[in-house]
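A, B, C and D label the chains in the order they appear, each numbered from 1.
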Amino acid sequence: MNPALLIAAPLLAAFIAVIFKKIDKVVLGVVAVGNIAYSIVMAVLFTGATQIAIGGFAPPFGISLVLDSYSLIGILLVNVAFGLILLMGTKLVGRYGIVLAVSLAALNGIVLTGDLFNLFVFIEVAAISAYIMTTMNKQLKHTFNYLILGTLASGLLLFGIAVLYNMFGSLNIIDIASKLAISGVSAGAMVLPIVFIFAGLSVEAKLIPFGGWVRGVLKKSNSLVGPLLVTGYAAAILLVFGRLTSTIFIMSDGLKIALTVVAVATLVLAEFTAFSKKNLREVLLFSSIAQSGLVVALFLNGLTVAAILVLVNNVVSKLVLFALSAKIADDTGTDKISELKGVFTKYRVLGVGFTIAAMSLIGLPMFFGFVAKAQAVMSLFESGNLWLPAVILLVSVIEGIYIIRILTTLWNSGKEGQVPSKDAQKEYKLNGFVKVSIVALVIGVLIVAAGILPITNIKEFLSSDFLSFITRSMGGV
Amino acid sequence: MITIIISILIALGILVFAFLWQTTLSGITRKIVGRYQKRYGPRFYQNFRDIFKALSKRGITHGWVYSFGVIMAVGGIMATVMFLPLFGIVPFPGVDNFFIYVYLFAVGMLGMAMSAVGSGNPLAGIGVMRALTQMVGYEVPFMIVVLAMIYGHGTSSLSELAAIQQTSGFLSWNLVKMPIGTIVGFICLLGMLGKKPFETFIAPAEIASGPMVEYGGKQLGMLMIMHELATFIEISLFVNLFLGGATPIVFGETTVLVGLSSVVGFLLKYSIVYIVSALISNALGRFKIDQVIKYFYKVPIVLAIIQALIVVFLGWGV
Amino acid sequence: MSKKERAVAKRKKKWDGISNFFRANSIWMLMYCTGCCAIELPQAMTSKYDMERLGMGPMATPRQADVILVTGYLSVKTLRRVIYAYEQMGEPKYLVAFGPCTINGGIYYDAHPVIKSLDQYLPIDVYIAGCMPKPEAVMNGFQDLIDMIKRKEANGWRKYQENKEWYRENQIHALGELRIKDEFHE
Amino acid sequence: MGISIGVGTIIVGLLISAVLAYVLTKINKTTGAWVTVLAPFLALAAVFLLRDSIGTTYSLFFLEFELTEYGWFFSMIMLLVFACVSFFNVYWMKKMVHPAAYNMLYLLALTGTLGAFMAKDFIGLFIFWEMIVWSSMFIIPFGKSRKASVVYYAFSALGSLAMLYGIFYLYNAFGSFNIQEVLKLAATDTTAALVAFITIGIAGMVKLGVFPFHLWLPRAHGNAPDTFSPILSGGLVKAGGFAVFLIAVVMPSYEAFATQLQFMGVSITSYIFILFGAVSIVVGTLMAIKQDDFKKLIAYSSVANAGYIIIGLAMTDALSVGGAFMHIFAHALASAAAFLAVAAVSHRTGTTKMSELGGLIHRMPLTYLVYLIAIISMAGIPPMAGFISKWMLFQSMIDNGMVFVATAAFFGSIGSFLYVFRPLSAVFLGQLSPKHYKVKKAPVLMMIPMIILSGLTVLFGIFPNIVLRIVSRIQTSVGMEGLQFDGTKIIGSNGSLDPTLIVVIFGIGFMIALVIFLLHPKSRKVELMDTYTASEFIYTPELLHYSHSFYAPFERLYKNAPDTSKWYKAILKKVSEIGGFVSYAFFSSKPRIVVFWIVIAMVALLWGGSV
């Protein structure tokens, strides 16, 4: 099974679409479905971690892709999210079919690649397609802002990679990692490349204060771009974080603390910001910034399993939440929470999907989010960290408040101080909500299923082969 | 079973005695107050006349709760009296808990409040409001002092608390052992009795006698009986808690004589407390209700806490 | 009247006798101080004459009172109130009228809003003479009332019950409307 | 019957009936509502039958259950309240926008409480604990307020996440989730015990509504649908007592903190908890006195009563814990009954504002009696169950010489006369407003649960030993000294109480009074408006009804007292402001500002990394 196909197929589709413009949507759809199917097949047939050379040169000299369970989760996540977003927002694809195909290729590339420069290229490609996609929002000023910051980020990333290349004479991540292990480079020497790479990635991962572009771009994004940026892109970039922290980020204590501070500050401040916002999409985008912060913090503390769980939870629930919010905003013309009172009274299935996703996001038990949060807290305890769990839990109170504020408002019409009644119901009209509802509901069922089943015994879940394999495969290969 | 019946009979005896004694004493006090005001005053049995007159009249009723409340009030207060130890005779030994008096008493109060407000008169409502508000004032400091006492003596039984004070004459009275507490107790007693300056809830010239505004006829008569009994409970509580209860005034070998003199001792103390409170009442004006609360939460409660802390931490007065 | 009923009546009479002993010696007043005669009541109540030795005392509301004192002239406006108060009292109840104003209007005999003879509207048990009556007269009047109660002659309330229509007619005639909606505001 | 009923069966049954209720309500609203009546009753019967199989464990999928003595006790209370309240659901179906969801969530809340009480491990406890939170969180906005639900969630989340912290801390320390096992181990380790005590204690305090976490109660109880307020106050709140019981007694805290500074007979940690209880008694009482809304008043009274419960549990001697249990039981019955009376009034009149009601005794006499019995119990007056618990608690307080706590408790106890009397006076007594002339009696089906609850309140006020013997068994089961009895007498530390005797004597007193009453002339019945007005003619009943700002002179004295809700609002405002600042400063649409921050951050990181 060659994972390169996951990158090549969308690229090919993009070329086909350039030539046959009329069938671009069909091609895109076929590729998306194909990618999902292919990645599932790869997951089923997965035997062990491998490094696949591309172009005939064996690593570390040539470009290589890494297929381990870590990237497997990544490609599953990215492709499924991409497919679902496409399914929900088919109508919005319009002239952007080619860009979407390219972005799918790039995202797969980001997740799979084992080569730093290759990573840079994929990130660049993904970013460029993101710039183009965000023009859909018709907020060109913000797109321009994104463009500038994205370019800066690429520059920083490239500089970091260049320093690493200068130090080790290699661009292959695993190669560098093994050289690090042998040569025993001092942590102090690694500060410069790490900070630059971290900064470069943080712009895309939206950490505070690097991700300044995100508010303008996502605030008004439609149900195609928005979910894609907060789920597919975020997942891919965060997974890169994980791969780098566990391999080549040999950090001094000071740097580790500094980076953790950035991540935790992102978590706390972004939750605070989300709390202060009144619009659905704005709340959700800041919430996803916060989750990025949490994921990065977990990665920095070496808690890969927990980080992945939190990431998966965030991607899955944000996918539903953001898509539905954008959908509601597109159709009703507003995403102000107070103006959407009782919108779910009419669209109940939609509401159920939204609710389950939201409850998973805040980590209530019986939903997948709880497994993730419990894992995060428990593994932090195991690593002897007592303050970070407290921060996470306190912050999730704030998170809960704004999420519940949204839920109660969206489920119930009626003025404050009055019992909601059917007469006071405001009329909402959503177009083509059936497809969206079904997707939301299916994801909801999956979230609940994933929430109930693994609880069997968290300890057992933790030591199950599937995940321990990730942990093992992360370090060396 | 037999013991219970005997106990109940004793209790009924106490009830009858309480009514006769307090009603007579009320009459005497009216006379004394009359003299105090340079009047002749009524006959000493005037209160009996008032009560029976009221009972014989044909009053009105405002619905079932108006009458039911009165019955509940009288019943509750009677039950409280029946638990009281008198002259060292305890009808129900072991269960004459201080808290029973406080809370069983509340049954009567609740009944009366219910009935008064059930009359539909707003003045009754205001009166009840004032009575309850005042209760928050006097009840808390009183209970704190009693807390100190129970903590110190290790029992909450009223008869045992009285018995402890009878061990070594005057010096073992709580009046001596807990002087601050006794002062608080007496101020609270004035509040309980509704004597001036704590007469806010009756205030005839202001709210037309408050809860009593709509009563006439037998309901009024029953409430007057209740009032006499309630006064008996409050003063006996004070005498038993602070003044040593039924202490003999004659000492000697003859048990009968000592016993009789202890009866006289109790009644004497009782009379003094009641008459003094009546005289104070007639010498003072009336507080406003918020002044009452402010007063109780400034002076008596602080004194009460001081007394309690002295007992709990210093162990004085045990 | 059957034998049983007669027995009941007899017993009732006996009880009434006992009751009247208490009633006579415990008279609670409702002072309806409309006119100048009211100024004599403080005298009668306080240390000089000490009404309390007769078992009398002031009360706050008509419900509690046994006797209503109409101390002087009554205007049309006040008569309504007196009637209202009198009807709220529990039975047996008595009415003591002070001064000539309650008999024939006294010095207000030619004033159009003043009620001339009160006994047309309410049954009066005792009149007290004097304009104003001296405290001695007041005390004397009360003593008379007590004696009347003891002799079961203070039956004004019964008269009022029995001749309700007649009284009502007079009341309506004088007042036009017994219970007015409101004179000033609502 | 061959079928053995286990806890698992009950839980699954309830879950299934929740779904069933949802489906049936979609088909027919009334049928669905009847499911919510039947299911708790069946569960009640089932749990009652499980009395003999205490100590046995059950497992359901991945969840482990163990039926403990205290779990059984709490479950019975909860089921009793749920079973009684559910009759009201039938009448509320028409008024709801989401009746099906309501019925389902109602039963889920019940499942959650039962699961939490019977969970064997902490994970199960937490899962069900949160299930209570979210199921009730969705029900509350069906009432008058959406904000109330958010406030409720905010506090609950604070509590449950504190508990989660504690659970994982204990797991990390002792490697197990088993409640009994972990708590026993924690008792030997002061630090772990302290963490457990504080974190799980906070969860309990939040749920109970102890100061400073009391603010959700008036909001949630006051604004929840009328049928759900009794559940919240009578039922769900008591789960907090369960949590506090776990850490205070099951752990047991007196062993764990034996090395701490002892103050007033308890460790300083427990004493701080007790102080919070004392403050909440005072705050709850003062605030309840102020309220004009009937439901908010009872909600604040629940705050005050939560104070007694936590004091009793934290004092950890036999009488105090017994008292706390009795109080949980008595208050559950009484507050549920009181809230049901409110619901009945609200059902007939459409309002719960006391200043708009009055004189309803002439239209709803039975509802009045139910409320009367409830408040007598709440105020701790004999012969109701509430008196027994208060007496026991006072005994303990005096025994330990807790002057300040007792001051608060006495204040709360006497203050409760004030606030419980106000609705009695303003809603049921006084003048009947003409707009309520046509109000009818409460429907029969509403009367059934109310009478059951009142009957039980009276029954256990007369024979409290029925309950106290169970409590005593609970105490011995967790290694405490049990309560002492002598026939109908309860033996206290400095005196004993014979509730049955009190009732007998009260009965005698009442009979004497009745005889006196009957011997004398029959009274003349007059209209309510025929009342003393200084002979002024007044025809407007509202003018003669004293209900608006009832305790005005008293309220005036503390009108400037600090408002706790302002503190929270200030915190949230600060959070919002920081958020606004972050949004403004870091998420600017001007690239140069973001670049500036990036440079700053990188310099900081480089500096931090090289340190």
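Following the convention adopted for this analysis, a residue touches a chain if its C-beta (ideal position, glycine included) is under 8 Å from a C-beta of that chain, and two chains touch if they have at least 3 such contacts.
Keep in mind that what you see is a predicted model, and the values were worked out from it rather than measured.
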| item | value |
| --- | --- |
| Partner chains that chain A and chain D have in common | none |
| Most widely separated chain from chain C, with each centre as the mean of CA atoms | A |
| Central chain (by mean CA position) | D |
| C-D or B-C - the one linked by more C-beta pairs in contact | B-C |
| Chain centre separation (chain A, chain B; CA means) in Å | 76 |
| Rounded Å distance between chain B and chain D, as computed from the means of their C-alpha atoms | 35 |
| Distance between the centres, which are taken as Cα means, of chain D and chain C, whole angstrom | 58 |
| Shared-contact residues (touching 2 or more other chains) in chain D | 530, 532 |
| Junction residues of chain A, two or more chains touched | none |
| Residues of chain C engaged with two or more neighbouring chains | 61-63, 88 |
| Chain contact topology (line, ring, star, complete or other) | other |
| Every chain pair meeting the contact rule | A-D, B-C, B-D, C-D |
| In the complex with chain D, residue positions of chain A that touch it | 141-142, 144-145, 148-149, 152, 156, 188, 191-192, 194-196, 198-199, 203, 208-216, 251-252, 254-255, 257-259, 261-262, 269-270, 272-277, 286, 345, 359, 362, 364-366, 370, 374, 377-378, 381-382, 386, 389-390, 393-394, 396-398, 400-401, 404-405, 407-409, 411-414, 416-422, 452, 455-458 |
| Chain D residues within the chain C interface of the complex | 530, 532, 535-537, 539-540 |
| Contact set on chain B toward chain C in their complex | 30, 34, 37-43, 46, 49-50, 52-54, 56-60, 204-205, 208-209, 212-217, 220 |
| Complex contact set, residues of chain B against chain D | 8, 11-12, 15, 55-65, 67, 70-80, 82-83, 92, 94-95, 97-100, 103-104, 106-107, 109-110, 113-114, 117-123, 125-126, 128-130, 132-133, 135-136, 139-140, 143-144, 147-148, 150-151, 154-157, 208, 213-214, 217-219, 221-222, 225, 288-290, 293-294, 301, 305, 308-309, 312 |
| In the complex, chain C residues that touch chain D | 61-63, 80-82, 84-85, 88, 179-182, 186 |
